[in-house]
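Please find the structures below.
Two complexes, one shared chain (subunit A), two partners (subunit B, subunit C).
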Partner chain A sequence: MDEKLRELVRDLLKKGEVDAVLSLKAFEGCVAPHLFTSEDEVSSLVSSPKYPVALIMPMLQSEYPDAKLGVVVRGCDERTFVELAKRGQVDLDKLVLIGLACTSEDVEECKCELPYPTKIDIGEKVEGVTNPEMEKIGEMGMEERLDYWAYQFSKCIKCYGCKNACPLCICESCILEEKDWVKTGDVPPEFPAFHLIRAYHTADRCVDCKECEKACPAHIPLTTLYGMIRKDMQELFGYRAGEDVKKKPPLVTVLEDSALEEA
Partner chain B sequence: MTDEFEPNILAFCCNWCSYAAADLAGIGRMQMPTNVKVIRVMCSGRVKPEFVIKALSEGIDGVLVLGCHIGECHYTTGNHRTKKRFEVLSRLLGHMGIDPRRLRLDWASASEGDRFTEIITEFTDTIKELGPNNLADYYGRKAARVS
Partner chain C sequence: MKYENVPTICPYCGCGCGIFLQVLDGKLVGVLPSKTHPINQGTLCIKGWNIHHFVNSPDRLKTPLMRKNGNLEPVSWEEALSFVADKLGKIKKESGPDSLAVLASAKCTNEENYVIQKFTRAVLGTNNVDHCARLCHASTVTGLVGSFGSGAMTNSVPEFLDADCILITGSNTLEQHPLIGSWLLDAKEKGTKFIVIDPREIPMVKFADMYLQFRPGSDVAWINGMMRIIIEEGLEDKEFIGERTEGYEELKKVVEKYTPDFVEKVSGISEDQLVQAAKMFASAEKGSIIYSMGITQHTTGTDNVQSIANLAMLTGNVGRRSTGVNPLRGQNNVQGACDVGGLPNVYPGYQVVTVEDNKKKFEEAWGVPLDDKVGLTIVEMLNAAFEGKVKGMFIVGENPMLSDPDINHVKESLQILDLLVVQDIFMTETAELADVILPAASYAEKDGTFTATDRRVQKLRKAIEPIGDARVDWEIICDIAKRMGADGFEFSSASEIMDELASVSPIYGGISFDRLGSNGGLLWPCPDAEHAGTEFLHSGRFTKGRGSFTAIDFIEANELPDDEYPFILSTGRMMFHYHTGTMTRRTPVLVTEVSTGFVEIHPDDAEKLSIADGEMVKVSSRRGEIEIPAQVTDKIRPGMIFIPFHFAECAANILTNPALDPKAKIPELKVCSAKVEKITV
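Moving on to the complex of A and B:
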């Protein structure tokens, strides 16, 4: 699969369709994101592990505003780019997305609902799965849920890993770092305010990339909570983050005319 | 004094409608429970969900957010956003195991002093039924009780 991807990237570079391609490079036993500018380098390109390349793109595009950049994207990366574009962070017109479908092992690991991009260039489409934890919590009563989350969040060491790993946490100043909202020196942080605020903030942008949960050293099932809100956003507003670049996030828009009559 | 639970309730009232409704209720000497502390905001759209989260997290038993009726907002669409945000927040509270009934979003126009009284009375009863909110006691914190 990697060889096929390298072939594709070489081809794009050779034809001059892109100036460079952002993907992952294997070197000295490590894998790191890398901007491939010449065909010779491409032999070290790899497709896994999953890495949120979108985290770097706003920086690259502000450095090279005129460059036509290719980028290898998984389903979640593509959705991230859509959400970033809505918020003016990346210019989709200057990007060439190379779609990579996740393997069934990836899907199993991430419990991903939509493990493929809209246009698949490499790999076979594997259907997504639903996170079984979500159903479990749905069946719990109120008190049981509160106990579950109180336990989960008691593990939090307030490392801000979830926030830093999130490719869509793009605010320049974060409310969770303001001491009026989050008292300094408290570990675990205030329950439930800290995590509720973060969960609310992800409501209209979470694309289910699982980076927060992977970054969490305490293994808090954050994406279970975020997944439940994502489902609500779909039920309430028919909105799925990362689906359509023209669809504005519902929390910043006004009600539809039909709903104007009365709440 | 009785030992009956007297809840602490916070009400965010918008300057143009619900705060005026509260005023009218006062002028009209309408009777209602005194558990509610009113915070005046210029628009219900000013009430960030974080305000509510923080209030509940610090031990407030219930939060009311009152604005103008949809279509009557002084800023035209301020309350549209409020409505959408609080629908999401209320679901989120439910997922966390916090009874969503501790949060109520409602509308009262400047002439609806009686409606305001009704909302306050109903909501106070609901919260009395739900009992105290003990979120502030988690992880060894102490609730900042308003007396």
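Moving on to the complex of A and C:
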């Protein structure tokens, strides 16, 4: 699969269809995001483990505003680009998305519902799965649920990894750092303020890329919580983040007439 | 058009997390955790996530400075280095080599520390080289060398996951070693039992099966008490004791008098809790002990460490996976700085300077005669400076004006020196007193290796060019050495220095830059190029042969509370700041979290003194006084106060006691007596 991907990237660079491609490079035993500018270095390109390439792209586009950049995207990356574009963070017209379908192992690891981009260039489409944790929590009573989350969040060491790894946490100043909202200097941070503020702030943009959870040193099942909110967004407003670049996010929409009707 | 991720190692604590520095067109723009790294696996703590901020701080030292007419003025490298070389040479000639002293740095690379100690020994001609390991784990090195033959963490970090029971004492692991804390949380969810024994109710207590709060300084008493219970219950590992250890009978005799009742009186740990904890630990198949400065920073530091070693051997918990005695090292490279000889009593690889064969070996390797006397330790150097015996000090990347006990005395001592050279990345409190300041490159601007707490040697990679005219530490030292007419400092790369280090230090014998890669490195001992490194020590045999039990009696701390100074003061660290704050206090997110120091005090004590939470109070000891906001919290014992030492404006170390452990020469930073007073306007 990686060899096919390399061929494709080489071809894009060779034909001059892109100036560079953002993907992953394997070297010295590790794998890191890398901007491939020449065909020669493409031999070290790999597709996993998944890194948040969409976290890096806004910086690259602002540094190289005229460049045509390629980027290897999984389903979640593509959805992230849609949400970033809605918020003016990336220019999709200057991007060439190279679609990569996740493998069944990837799906198993991420418990991903939608593990492929709209256009698949590399790999075979594998159907998604639902996060079994969501169902488990859905069956809990309110008291039990609160205890569950209180325990999970008691592990938090306030690293802000969830925020830092999130390609859609784009606010210039973060409310989580404001002491009027969350008391500063505490480990763990105040429950439930810190985590619920973050959950609501990402409610209409979270595309379930799992980067927050993968960046959590306490292994808090953040995407289970966010997944439940995503479900609400869909049920209440018929909104799925990352689906359609033209669809306005409900939390930033100004209503001229009446309130949004429940779907 | 260039965007790349340079793999390197986080320069804060000893966890040794793998990070990528994001470099965009030659500028450092961010950090990403490495997802493949065996320790942090794609995660970081708040300090690690913000590790790039201070590198570009406008406060970086960008040019050499020299004191002229009392003021520090910018000068050329030529002027600064020729002055330093001349002056060092002059002091050596006039007052002898031992009138010079050098502080190496736990923040610098192995290669830099190797060069610094080689410079001290081979060019200055003295063993007066030490570094801040003296203040954190000196007693670990003396204690564990005595008990086991090796002073390092016995096991590796990932092994915690499979331990059956972990006893944590004097280590605030979740805050001070957050990514090791992450492994512990995973272990907890897998079923590992935790016993936390600490005077403060640290975050890890929430996840503990048992929490024992005790009076600071009573460690030997409760450990002896536990061992007495284990022996009485017949839970000791007889086979291990018989086959692998010596001195058991003496130990057994000494612990006899540490009845639970006696221990309760001395330590405050209830009889019932002590018995339960002793049984829980002793019945674990794989029992592991984690400790840190709560154990080491005492006048009885070596005793405390050897008591921990006794407990591990008594229960047969050494030399197997997921067991062991695991001192967590506080600095990114404090393990390495010790390994490569940044200590006054050993050459690289812990080869003792007083052994004639070792001296010969290094005289041959370095081509110069060497001194066979043990040199001065940090506090001894400062005392010698105060007495006029040490006349010149060269301090690399350390800030004793905030990190050492009794700062007023430190200041007086440094001011008396004829020459104080400070090599650093920022104008520290120590640099402000210097005659010459040499601007150094930061971790992001150089190649080298760091050795993490679990003996993990990992490669640091240059991501950007040094800021301003700053130069890499080893290059500066080599330049001075050459100016002083020395040979053996013609290195052209860090890799070349590692090759020389490997050739003289058997534990690093098989380590080279080519082998290290960028994904977890190699764990020493790694004696030859084919050796895969060592996950855990003392397998089958202790480094010294048989492990030695040490029969130790409890001794009180050097300074105990009295009517005038009724509180026990402990100092330590916190999640959001690091050591003397030079890096973290220049990092906006961390300053937002915590902007200054505080004194933790129990609500009962606060009420007696009519002190409210957040109120500025005066804290004093026999050494000095500070004003500091009170933090009223029931997470601390009544009669005890705690102050983090990161903050110059309310520096805990103005108060601390410089009394030393007689063997390790570590000062008693965890116990001194103090007074808290309301400030009346």
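By definition in this document, the second predicted complex is superposed on the first by the 253 of 263 C-alpha atoms of A that agree within 3 Å, B and C clash if a C-alpha of one lies under 4 Å from a C-alpha of the other, contacts with A are read in each partner's own complex, and residues count from 1 in each chain.
What we mean here is this: a residue touches a chain if its C-beta (ideal position, glycine included) is under 8 Å from a C-beta of that chain, and two chains touch if they have at least 3 such contacts.
The model shown is predicted, which means the values in this text are computed figures rather than measured ones.
Participant: Could you look at A:Phe191 and tell me whether it touches subunit B, subunit C, both or neither (first, second, both, neither)?
Facilitator: So A:Phe191 only meets subunit B here.
Participant: Touching A:Pro250, do we find subunit B (first), subunit C (second), both, or neither?
Facilitator: Touch partner of A:Pro250: subunit B, not subunit C.
Participant: For A:Cys171 in the superposed arrangement: first (subunit B), second (subunit C), both or neither?
Facilitator: The answer is neither, since A:Cys171 touches no partner chain.
Participant: Tell me which partner A:Ala203 touches in the superposition: subunit B (first), subunit C (second), both or neither.
Facilitator: After superposition on chain A, A:Ala203 lies in contact with subunit B alone.
Participant: Determine, under the contact definition given at the top, whether A:Phe237 touches first (subunit B), second (subunit C), both, or neither.
Facilitator: Touch status of A:Phe237: first partner only.
Participant: Does the superposition put A:Leu92 against subunit B (first), subunit C (second), both, or neither?
Facilitator: neither
Participant: Figure out whether A:Ser154 sits in contact with subunit B (first) or subunit C (second), or with both, or with neither.
Facilitator: In the superposition, A:Ser154 touches subunit B and subunit C alike.
Participant: Which parts of subunit A are touched by subunit B and by subunit C alike?
Facilitator: Shared contact residues on subunit A: 154, 188.
Participant: Tell me, which parts of subunit A touch subunit B in their complex?
Facilitator: These residues of subunit A touch subunit B: 137, 140, 142-150, 154, 175, 181, 188, 190-193, 196-197, 199-200, 203, 225, 228-229, 232-233, 236-237, 250-255, 259-263.
Participant: Per the contact definition, I'd like the list of subunit C residues that touch subunit A in the complex.
Facilitator: 1-5, 7, 18, 20, 22, 24-25, 29-30, 32-37, 40, 42-46, 48-49, 174-175, 178-179, 181-182, 185-186, 189, 203, 206-207, 517-520, 575-576, 589, 592-594
Participant: Of all residues in subunit B, which touch subunit A in the complex?
Facilitator: Within the complex, subunit B touches subunit A at residues 49-50, 53-54, 56-58, 69-71, 77, 80-81, 83-85, 87-89, 91-99, 107, 135, 138-139, 141.
Participant: In the complex formed with subunit C, which residues of subunit A make contact?
Facilitator: Against subunit C, subunit A makes touches at 19-20, 22, 25, 27-35, 37, 49, 51, 56, 59-60, 63-64, 67, 154-155, 157-161, 164, 177, 184-185, 187-188, 214-219.
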